[in-house]
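Following are the structures in question.
You will see chain A twice below: alongside chain B first, and alongside chain C after that.
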Partner chain A sequence: MADYQQMWTDLGMDLEKHDVLCEVLPEAFGGVYLTQQNRPKGMDFYDFVVSEIHGVRPAEMIQHQKEGGKVFGTFCVYVPDEVVFAAGGIAAGLCGGSQFWVSGGEKVLPANTCPLIKASVGARLDKTCPFFLIPDMYVGETTCDGKKKAWEILAGEVPFHIIDIPQMKRDRDIAAFEAEIKDFIAVVEKVTGNKITAESLGEAIKLINNKRRALQRVYNARKASPVPISGKDALLVTQINFYDDPARAAEMANNLADELEQRINSGSGVFPDNALRIMISGTPMAIPNWKLHHIVESLGAAVVVEESCTGTRYFENLVDESATTLDGQIRALAERYMKTNCACFTPNTARIDDIVRLADEYKVDGIIDTNLQFCNIYSTESYQVKQALTERNQPIMHIETDYSEQDFEQLRTRVEAFLEMLRK
Partner chain B sequence: MGLRLKKELDGQDIKAMISPTPRDASKSCGISLMVDEGDLPLIRQIIVENNIEIIKIVSLARKEWKYRST
Partner chain C sequence: MVVIGVDIGSVATKGILISDGVQHKTIFPTGWSPRDASDAVIAQLLHQSGIEGQRVTRIFGTGYGRVAFDQADKTVTEIKCHARGIAELLPEVRTIIDIGGQDSKVIRIGERGQVVDFSMNDKCAAGTGRFLQVMATALGLDVSELGAAEDPAQRLPISSMCTVFAESEIIGLMAKGNPKGGIVAGLHQSVGKRVAAMAKRLGIKEPIAFTGGVAINQGVKRALEEELGAPVMVSEACQYTGALGAALLALENV
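This part shows the complex of A and B:
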């Protein structure tokens, strides 16, 4: 175990406050993860990353900076990481998933802001997370009003670039996003001092695609019955992929997928054959938000797929690797990213198509459509999702929740009733 | 070092779980391995034989985990 105290001091962290988080993490992780049986050995790497969550990867990022590299903090799956890596930078997902940071965000944000935004702002302002203190630049986007206004606050702290995400998916919107990527390239080149070429962008596209392919393998294994990995473990893999080195992330996910495929061949799983199979759709679950998965799985049902930004939306579509010019690659990036179906778009019927398709592919018994509290767009879209799935006789329930423990028992009762209904 | 020890223990079929260090064991924020007390003599031997650096071994009562958010 390395000693990270000096690194945290140098970052200007509030060590006393941070220590409170260090105290809680073992309990939280133990209660959710170490209670599981027959976990794949491939999860050791991810357990290690959690056990040194504010040490091991931040140390690598700081070393990168000492060698002249730059680090970009991001908050959304619409930010093309390929651009950052093509310029020799590191992109790291920063979304906050801990209740610990929420109160820090509430000091400057309205209470009726979603917990992800409050936690992200709180983590920076309270100086209790190294990931929020390391980046040379934050990259925001316009996927919701809460984030747009939060960026204005965070821009007082860190150099900030905002990518304007279109709200519709017409040809001219894809062209507009293409222009946004070109602007982003210019910004990243300026910050890093490195020119992005067709060669470097081509390599970065392959790098990130390989990570996506590896995650696709892990998820494909979850289609099997009995399911060879718990939903909690799969969620942790995706969460860590947001900030890990992409080549290592692909290697670790591929190692895990090898093991899961062996488990499938030998009929070995972590839930019985007849366990209920649940899809969770909706808003992202940033690390360490494991609440809903824990509720479902501690009630004996398996979460087999997440239709969310910390699930299939993160890796489902690949960027076309055949383009050889920068213009062609930028077009390919725009086309790939605009295939992602977020509730910030209107209309967003393709997301409902995704849920229907995934329910079939993963043979789910029921769907829990969920959104973080005060996420207006996903909350509103849940009406359309419910209508479409009910028409198809697909059982669905909707849950709105936050990161706190306050509604834990209430949610457990609701989920238990839903599972009971599915069993009949 | 924690991962190295875990690998050695796996190789000898000794059960160990990687965990953030429980506060009862140390006021740190890093990796620890949770093992059964009965396996400790063998684990100590593996640590010495493989020249693995550890900070300390702490005995903790087995506990019932309960959910809590971070």
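This part shows the complex of A and C:
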């Protein structure tokens, strides 16, 4: 890794603690990723990003700030990145995915908080992640209760704006979200000092849509059998897209998709064509959480799709690009974001429809519906997900887990038994 | 044909050798090394049956220690092995409740002994043999004495599901001079309640079999029946269900 010590010192990071993280991450990544056979060449870029995870992109963000630009940290796929980029800012998804940060979060949060929230709060308070220290502003949202209350703690650390996300999807809720986007535009304009115009917002909509289209291409390739890319690799691509520069993210994902399409044409894949095809649905898997994918794929089955915020929920829907006025664009944004189906909404039957449709499109043999420990909304919804899929004779298993390694063996047994059941 | 099935549990390692339809079984404590325990089990089975090692066609391993079991030709999960084992011991059974040292499972099986659906406890130890082990130690008993020590008539409710809280709860109950038999009955009830809830969530189909090391404990059996509102069968060979399943799968080579 290049030398980023000075940059980290300037950010006020706890270097000693951070060194511990820098030591374990390459080993974990090597064990999970670099042991895979026949990986697409297009993954080299993502491997490089991981090898410089706390260096290369943070350095770009800091450079942007030196040039007068602003950086916004976000935690949810309901936050419209388009607004930030339209004002010349950078938006970066921050969610913490490592057990390393959990204890820092536990110092201030109740034990029965989900690990994603604990890790996100811990990464900031412990000052062991540059991404959490760089932003000029955090953008929170009113989704689950755990996050809402965590924002109140983080707001003592950094300027904070909260977007009120509706909990239902009636017309008036979509209209309310439209109003929220307008408020968000005003906040972003104030922080960046740049006015958002129909022209700049239109460009930003295209920019982010292009990234979504590129990811859709990568995911479409996973519908093939044999599957040309592992689930672990596809997950990594999505995870990195949360904070990479959107134009580069689209370019890299398009390059990868080109390669995957060639692989499909030549019939080459990373799993035998009779390998079991698994969908993982549920809560997001923030980088470096690769636990469940690693378990499934080391047992010889392929993860072919994720119905998750680090999966289809991130890029499935596009914003209508035809509007030419700010009002029209804002309406289009509101409509697009309200198509995303997260368990924080009620009712949320559209999510079940999504799972059913994806199971069909990706020809999956079984579904692992999963949620992070203490995520009340997804764990409650798992009951209905299971009912609906069982009715359709689609095998499904529910797994609740966290970031620790403690339950690794037990999970492996459960997943293995599920795969045995699918093989019959 | 000679085949061996070995079930390496967290507490005990069980083995079954089948030679032309005749079964030989043995059990060893797993101790610190699942590998040593499985080696010992195989050596003992060969000794007991008088069969030479070269005559063994296949060895299948199961249980939590199966990953470390290098003598195995194949490893299979305990879920599949329990289903196969029960199909042999109690063929009419449609639901298996298995409580082992580290985990508890509910397995629904079809007519040919195939797994239809299953569920397993999440991370926490409540409702497992481990829970009873910790509580037995706190009560100054050996875990094998729990079954006989309970007094259902004096049963005291244990409200904590969490192992850590339950331990301090029973220490408190003892300090107040409550009868041990009543506390033990309460603990059994707590395990029964927890596992029955898991079974109901998955959906139970009778008849029900109770397997795993904890099935020897009459108190847990009683509590389970009460909580499920249905009888549960315990085979004499309940501890060997997984090993038997592994041996049969080795015989069928699936």
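Keep this in mind: the second predicted complex is superposed on the first by the 423 of 424 C-alpha atoms of A that agree within 3 Å, B and C clash if a C-alpha of one lies under 4 Å from a C-alpha of the other, contacts with A are read in each partner's own complex, and residues count from 1 in each chain.
Please note the rule applied: a contact is a pair of C-beta atoms (placed from the backbone, for glycine too) under 8 Å apart; a residue touches a chain by one contact, two chains touch by 3 or more.
Small disclaimer: the values here were computed from a predicted structure and weren't measured.
By the touch criterion defined above, A:373 reaches chain C but does not reach chain B.
With both structures placed on the common chain, the touch criterion links A:54 to chain B but leaves chain C unconnected.
In the superposed pair of complexes, A:299 makes contact with neither chain B nor chain C.
Shared-chain residue A:29: touches chain B; no touch with chain C. One of chain B and chain C touches more residues of chain A, and that partner is B. Shared-chain residue A:424: touches chain C; no touch with chain B.
Chain A meets chain C in the complex at residues 373, 398, 400-402, 406-407, 409-410, 413-414, 416-418, 420-421, 424.
Residues of chain B touching chain A in their complex: 1-3, 6, 10, 17-23, 27-32, 34, 55, 65-70. The part of chain C that touches chain A in the complex is made up of residues 64, 67, 76-80, 102-103, 114-120, 122-123. The residues of chain A lying in touch with chain B in their complex are 1-4, 18-19, 21-32, 34-35, 41, 44-45, 47-48, 50-55, 98-100, 288, 291, 294, 298, 403-405, 408.
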